[in-house]
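Just so it is clear, A, B, C and D label the chains in written order, and each chain counts residues from 1 on its own.
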Amino acid sequence: METTTKTIANNEPLASTNGMKPKFELLGKKATRFGFGEGLVTLGERYENVVVLGGDITGSVMTSYFQEKFPDRFFSAGIMEATATLVATGLALSGKVPFFASYGAFAACRNTDMLRISVCYNDANVKIGGGHAGISVGPDGATHQVLEEIAITRTLPNMTLVVPCDFTEAKKATVAIGEFVGPAYIRFGRTDTPMFTKEDTPFELGRAQVFREGNDVAICACGPMVWEALVAAEELAKEGIDARVINVSTIKPLDNATLIAAAKECGAIVSAEEHQITAGLGGAIAELLVKEYPVPMEFVGVHDTFGGSGEPDELMALFGLTSVTIIEAAKKVVKRKS
Amino acid sequence: METTTKTIANNEPLASTNGMKPKFELLGKKATRFGFGEGLVTLGERYENVVVLGGDITGSVMTSYFQEKFPDRFFSAGIMEATATLVATGLALSGKVPFFASYGAFAACRNTDMLRISVCYNDANVKIGGGHAGISVGPDGATHQVLEEIAITRTLPNMTLVVPCDFTEAKKATVAIGEFVGPAYIRFGRTDTPMFTKEDTPFELGRAQVFREGNDVAICACGPMVWEALVAAEELAKEGIDARVINVSTIKPLDNATLIAAAKECGAIVSAEEHQITAGLGGAIAELLVKEYPVPMEFVGVHDTFGGSGEPDELMALFGLTSVTIIEAAKKVVKRKS
Amino acid sequence: MAELKFHIYPIESGFHGPKRPTPSPDLIAKYNYANFKPFKNSKQNSDEYIATAAKEIRRDIIRSLVEAKSGHSGGPLGISDVMATLYFGGVMRYDPKQPWMESRDRFVLSAGHMAPVLYATLANAGFMEKKELLTLRKLNSRLQGHPGRDMGLPGIETSTGSLGQGMGIAVGMALADKYVSKNDHRVYCITGDGELQEGEIWEAAMFASHWKLDNLCVLVDRNHCQIDGRNPDVMEVDPVADKWKAFGFHTIHINGHSIPEIRAAYAEANSVKEKPTCIVAETYMGHPISFMNDDYRWHGKPPNKEQAEKALAELE
Amino acid sequence: MAELKFHIYPIESGFHGPKRPTPSPDLIAKYNYANFKPFKNSKQNSDEYIATAAKEIRRDIIRSLVEAKSGHSGGPLGISDVMATLYFGGVMRYDPKQPWMESRDRFVLSAGHMAPVLYATLANAGFMEKKELLTLRKLNSRLQGHPGRDMGLPGIETSTGSLGQGMGIAVGMALADKYVSKNDHRVYCITGDGELQEGEIWEAAMFASHWKLDNLCVLVDRNHCQIDGRNPDVMEVDPVADKWKAFGFHTIHINGHSIPEIRAAYAEANSVKEKPTCIVAETYMGHPISFMNDDYRWHGKPPNKEQAEKALAELE
C-alpha cells in the first residue's frame, strides 16, 4: 500500500515573513461552515474513498452538500457522537477517509475518550469537523457554544488542529486535512463572518501566514478573529503602532519558526481567539515563547466563563471578541515592552 | 439554606515565600490514591451528606474504604463514567456532596461533555477523583495512562483542580475539596511514591507552597514530581544553583502571586509534571508568565506522545520524568537567563 | 454527624450584563400579558381545564418564538399536552411561591432544546411573570436558548441542551431522594426519541433499574422526528418500548395528546414499586398547527410573523 | 476518480526504546517455545483439535501472565474456547503469513483487558513467534497491557482498552466493508458483559442494526463477573439477550465452553441476512482452573509462580 505524498510542513526555519503582502479587503460575509461543506464536495469528487458520517445536523454543518452529491458515501449516524467517532475509526482502519461533523461542543467533548484512544492512539486517519464553534453561535446559549476544544484537541498526541479564518480558507483547509494522512480536527463557525482571503492567498497546513507586516507587535489570531486583527492593525497604524498580523490557521503542529520570528522582531505578542484564554491558541504561543524567546503577551478571548444567549454580534462585543479589545491589548503589550 | 464557610483562598498578594522552611525527608512510600481513600473516610465521618459513586474499580481507587465504612452512602455505578458523572450532578443538585472516582483516563475523558455542561456550567458541587494518573500506572499501557486531563479540566470554567504531591497531602486535599463548594477534580496515582509531607506541612486550596527556598531558578511541580524536584534541588545546590521548589498542588485556580514572585525573584522557571507538556501545569504557568513577567522557562513532562507498558520506574526514566531531567532543565534555563 | 450545607438554589453565576432585557409595553399589551392569572395545579382539575392550559402553553410557545426569531417550535408544541398535565393535573408537586421548597417534585427536561415549552409552562404556573416569555433567547435573559441554571430562573432544576445528559441527572436526583434524603419526592424527566440514540440514556436507564428507582418517571416524546428527518431515515430507534422493558423499566405506551391517557399513565407510574417507569407518548411534532403537524422541518425553526398569526388563530 | 491511498498496516509509531525485549533462553526452553508448530485453521478441524488449541491457549495465558507479574487471568481463560473456535475452527479467514491481506476477516477485542488471550491465540496461529508471549507487558513489548496498534503486532487491528470503544470500531469496519469496499469480509467482535454497561455499546448496536450490518458478529463473554464483583452486585445487565434483540440484533444464547455450540452459533450468524448477530456466550471467568473458576477476584490478577504451576498441571 502506498503512502500519500501530502504531509504537514516540517517546522523548518523560515524567513520571518513569506514576502507576501496581501492587501485584504472585505469580499462579503459567509460562514466558514460553508467552506467546510464545499471542501468535502471537492474531496468527494477527487477521491472515491472519502466518506462522511452525519450527526443529525447535516444541514447545519453542511455535510448535506456531500450527502446530496454522494449519497452512497454518506452515512447517517443519528445522535451518537461518541460512536460516530468510533465508526469513523473503523472506516479509517479499513482504508477510507471518514469525516464526521457536528457541533464542536459534541464533536470534541462528547467523544474525547474516543478521540484520545481510538483516533489518536491508533493514529487513525479520521477527520473531525467541529462546527458552531465559539459564542458566535448566538441564541442557542452556553451549552452549544464550545470554547474549550482547542485546548482538548491540541493536547492529544498525533492530532492536527486547523482553525480557518474565513470561508475560502475553510474550503482549502478541509481539502488539505482530507489529503493529509492522520487524525485531524477542523473548527468552523455558524455565523456569517468576513470573507477576505482569495484562492491565491497562501495556505499550507502547518504554516502560519503573515497577513500584514509590522514590527511593533504581532497579533496572532485564528478563525474569525483574524479579520478583527486586520481591522485592529489598521486602527493601530493610525496611532503609529505597526502591527504584524499572523493567521495561525494550524494550531497543531504550531509553526514555531514564524512565531519565534515574530517574537524576536516585534518583541510583543497578542493572541486572539474565540475560545477560552486558557490553554488555547494563546496558551500554545505562550508555551513556545517562554521556551524560546520570552516576550510580553496579552490574551484576547473568553475569560474563563461560559457564554449565553444573544445575537452573535452582541455576544462578541460583550465578551470582548472584537478589534476593539485587540487594539487595547496591543497598546497594553507594546507599553510592556522593555 | 446556608453557605459553607470554606472557599478557595483569593489570589491576594503574598510574601514571596510563606516563611516556612520545611526540611523534607523521605518518610516512606505510599500511593496518593490511599490518601484519597482515607480523605473520603474523614469526610464521611464528618458529614452525613457526603456520598460516593463506585466505578467498578473501587478497590483500585480506594473508594472501597468509604464503601466499607458507609455502605449506605456508597452507590455502585458499574462501568458508565459519563452517567456516573451525571448521577453525581443530580446528587449535588439535591444537596449531597458526591464523589465519583475512576481511572483519570475515564473520569476526565469519557465524560468531558458531562463535566463541561452538567457539572461546570451547572456549577454543581460534584467531586471527581481521577486515579491512576500519568504513566506511572505502568504495565497497563497507553490506554490507561492519562496525560491530558490537567489540560482538559483546567480549561473548564468553574472547575477547581488539585494534584497532591504525596499521600499525606492527597488526604488533606480530598478533605479540602469536599469541604469547598463547587466542582472539583483531584488527580492521584496508583504507584507508591515518596511520602515526605507531614500533618503540619502547610496545605491550602488555591495556594502554591514554597517547599524549598532558592533564587536561581524556581521548579514548579505537581504530584510525584514535587519529590523529584526536591531531589533535583539538592543536586543543583552542589553545583551552586540554588533552586526554589514550589508545590503547585492547586493548578486551578493558580496561585498567581506565589508564581509571579518566583519569576521575579528567580528569573527562570522549570515546570515538572507527569502530563503532556502541552497545556498542563507548564502551560498554565507559561500563560501567567507572558502576561505578567516573562522569563525563560523549561518544561519537564511527556513530549506529546502516548505512553506504553513497562514498570513504573522504567517508564518514568524513559519518559524523562525524574530529577535527572529536572536538573538538566534547570541548568538549561539558568543559562538562558539574560 | 453534621450536614455539609451549601447553597444550591437559586444561583446566578451566569454570564450577564448589567440588567435583564425587558419586553416593550406594546408587546405586553398585544398579548395581554399584564392581566394574566396562573393556572392552578390540582388532581381535581378537569381534563378540559388542562386542555385549556395546554392551549395557552402552545400560544405562549408561538408568541415567545416569533419574538425570539430563532428556536424550536416542533418538539415544544408536540409535548404541550404532557407538560400541561404534569403541571396542572396534580401530577407534580410544586409551589411557584416557594420554587425551591425541599418537598417539591423535580422536573428535568433532558431534551433541552424544548425549552420554550418549559418556560411557557412555568409562566402559566406562576413561576415568573408572563411577559418574561418575550425575552426568550435575548441577551442576558433568564430564558436561555437551552435551559441554563446559571440564570437562576425558578423551576429550572438543571441546565440541559447536550442531549442525553438530563436523564442521568434525573436519575441522580431520584437516587438522592430514595436512598439519602429518604423522602418521597418524584422525579419527572422528558426525553426526545432522537435523544434515545445517545448511549447515556441507556446507561442511565440501566442505573435506574439497578437501583430500583420507582420514584423516577421518564417520558419519551415519541414524535418519530428529529432534525434531519424521521427517525427511521436518520437512525431507527424502534422498538422503543421493548428497549425500555429490556432495560428494566415498567413501560406504558400512550397517545401523548390524550390528556386522560397521560393522567392515567402518570397515575400508573406512581403505583409501580421497585422499578422506574417509562411512558412512551406518541405525539406529533408541531401538533396541532396545521402547517407544522408531524413535519420534522419544524424541529428547530420559529414561526415568522405571518405563520405565528395563523398558528395563534388556529389556537383560538 | 482516484483512491486516496495511505498506509494503514503495520504502523510502528508507538513509544519504544531502541529494541524489543527478549525473553531468556531458559524461559523459552522451560516452555519448549522454540519447537512450536502453529495450529491450522480449518472448518474441517475436529472439535477435539480445537479443544487442544484452546488448552494450549490457556497454558500460554498462564505462562505469559506469570512472567508478566501483572495482568488479567479471568476473562482470557474464560473466553479461550471461543477464541480457539474463531481462529482454528475455520470461522475467521486470515493468513498469518499475510496478516494485513485485504480479504481477511477482522477481529476486534473490545474488552481490551483480555489481551492475553488474543496474544496467545495469535501466537498459536503463527502470527508471531511464541516466545514473544513471554514479553507481555514488558517495556517496549509489542504485547502491551492492552492491545496497542502502535506497536505494529500483526493481527492487532485496533488499540482497545477503554471499554465500549472496540465495538463501535468493529461497526465502522463492517460498514466500510458492506457499503464502501463492497467485499464480503466479516467482522468479529468480543465484548465483556460488564462492558455492556458502557452506553457506547448500545449506540453502536443501534447503528449496526440501522445499517443492517449482517457482516458483523458480536459475542458477549457472559461470565456474570466484573472487577468489583458479580454483575448484579455491581450493575445488573440482565436480561442481556432481550437487550440485544430490542436493539435489532439476531441473538443466539450458547454455552461458551461448548465448542460445537460455538461453531454452530457462528455458522448461524453467517447465514443471517440484513441483521447483525449477537452471540451471548455463557462462560465462567477463569475456567477451568479449579481455584479461579467463576471467581471474579481473578479478573485482573496474574497467577503467582505456585498458582501458575498448579494451573499448568491442571491443563495437562
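Just so it is clear, contacts are C-beta pairs under 8 Å (C-beta built on N, C-alpha and C of every residue); 3 or more make two chains touch, one makes a residue touch a chain.
None of the values given here were measured: they were computed from a predicted structure.
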| item | value |
| --- | --- |
| Joint neighbours of chain D and chain B, given as chain labels | A, C |
| Comparison of A-C and B-C by number of C-beta pairs in contact, larger one | B-C |
| Centre-to-centre distance between chain C and chain A (centres being mean Cα positions), rounded to whole Å | 36 |
| Centre-to-centre distance between chain B and chain A (centres being mean Cα positions), rounded to whole Å | 30 |
| Distance from the mean Cα position of chain D to that of chain A, given in whole angstrom | 40 |
| Residues of chain D whose C-beta touches two or more other chains | 148, 150, 159-162, 197-200, 203, 206-207, 210, 235 |
| Shared-contact residues (touching 2 or more other chains) in chain A | 76-78, 80, 82-83, 105-106, 110, 113, 117, 121, 142-143, 158, 305-306 |
| Chain-level touch network, classified as line, ring, star, complete or other | complete |
| Chain A residues within the chain D interface of the complex | 1-4, 45-51, 72-73, 75-78, 80, 82-83, 85-98, 113-114, 117-118, 121-125, 158, 178-179, 181 |
| Chain B to chain A touching residues, read off their complex | 105-106, 109-110, 112-113, 116-117, 120-121, 142-143, 148, 151-152, 154-158, 269, 276-280, 282-284, 286-287, 289-291, 294-299, 304-306 |
| Residue ranges of chain C in contact with chain B within the complex | 1-9, 11, 13, 148-150, 157-162, 165, 167-177, 179-181, 199-200, 203-204, 206-207, 210-211 |
| Residues of chain D touching chain B in the complex | 14-17, 68, 70-71, 112, 137-141, 143-146, 148, 150-151, 159-164, 194-195, 197-199, 226-228, 233-235 |
| Contacting residues of chain B [partner chain D, same complex] | 54, 56-60, 76-80, 82-83, 105-106, 110, 138-144, 305-311, 314-315, 318-319 |
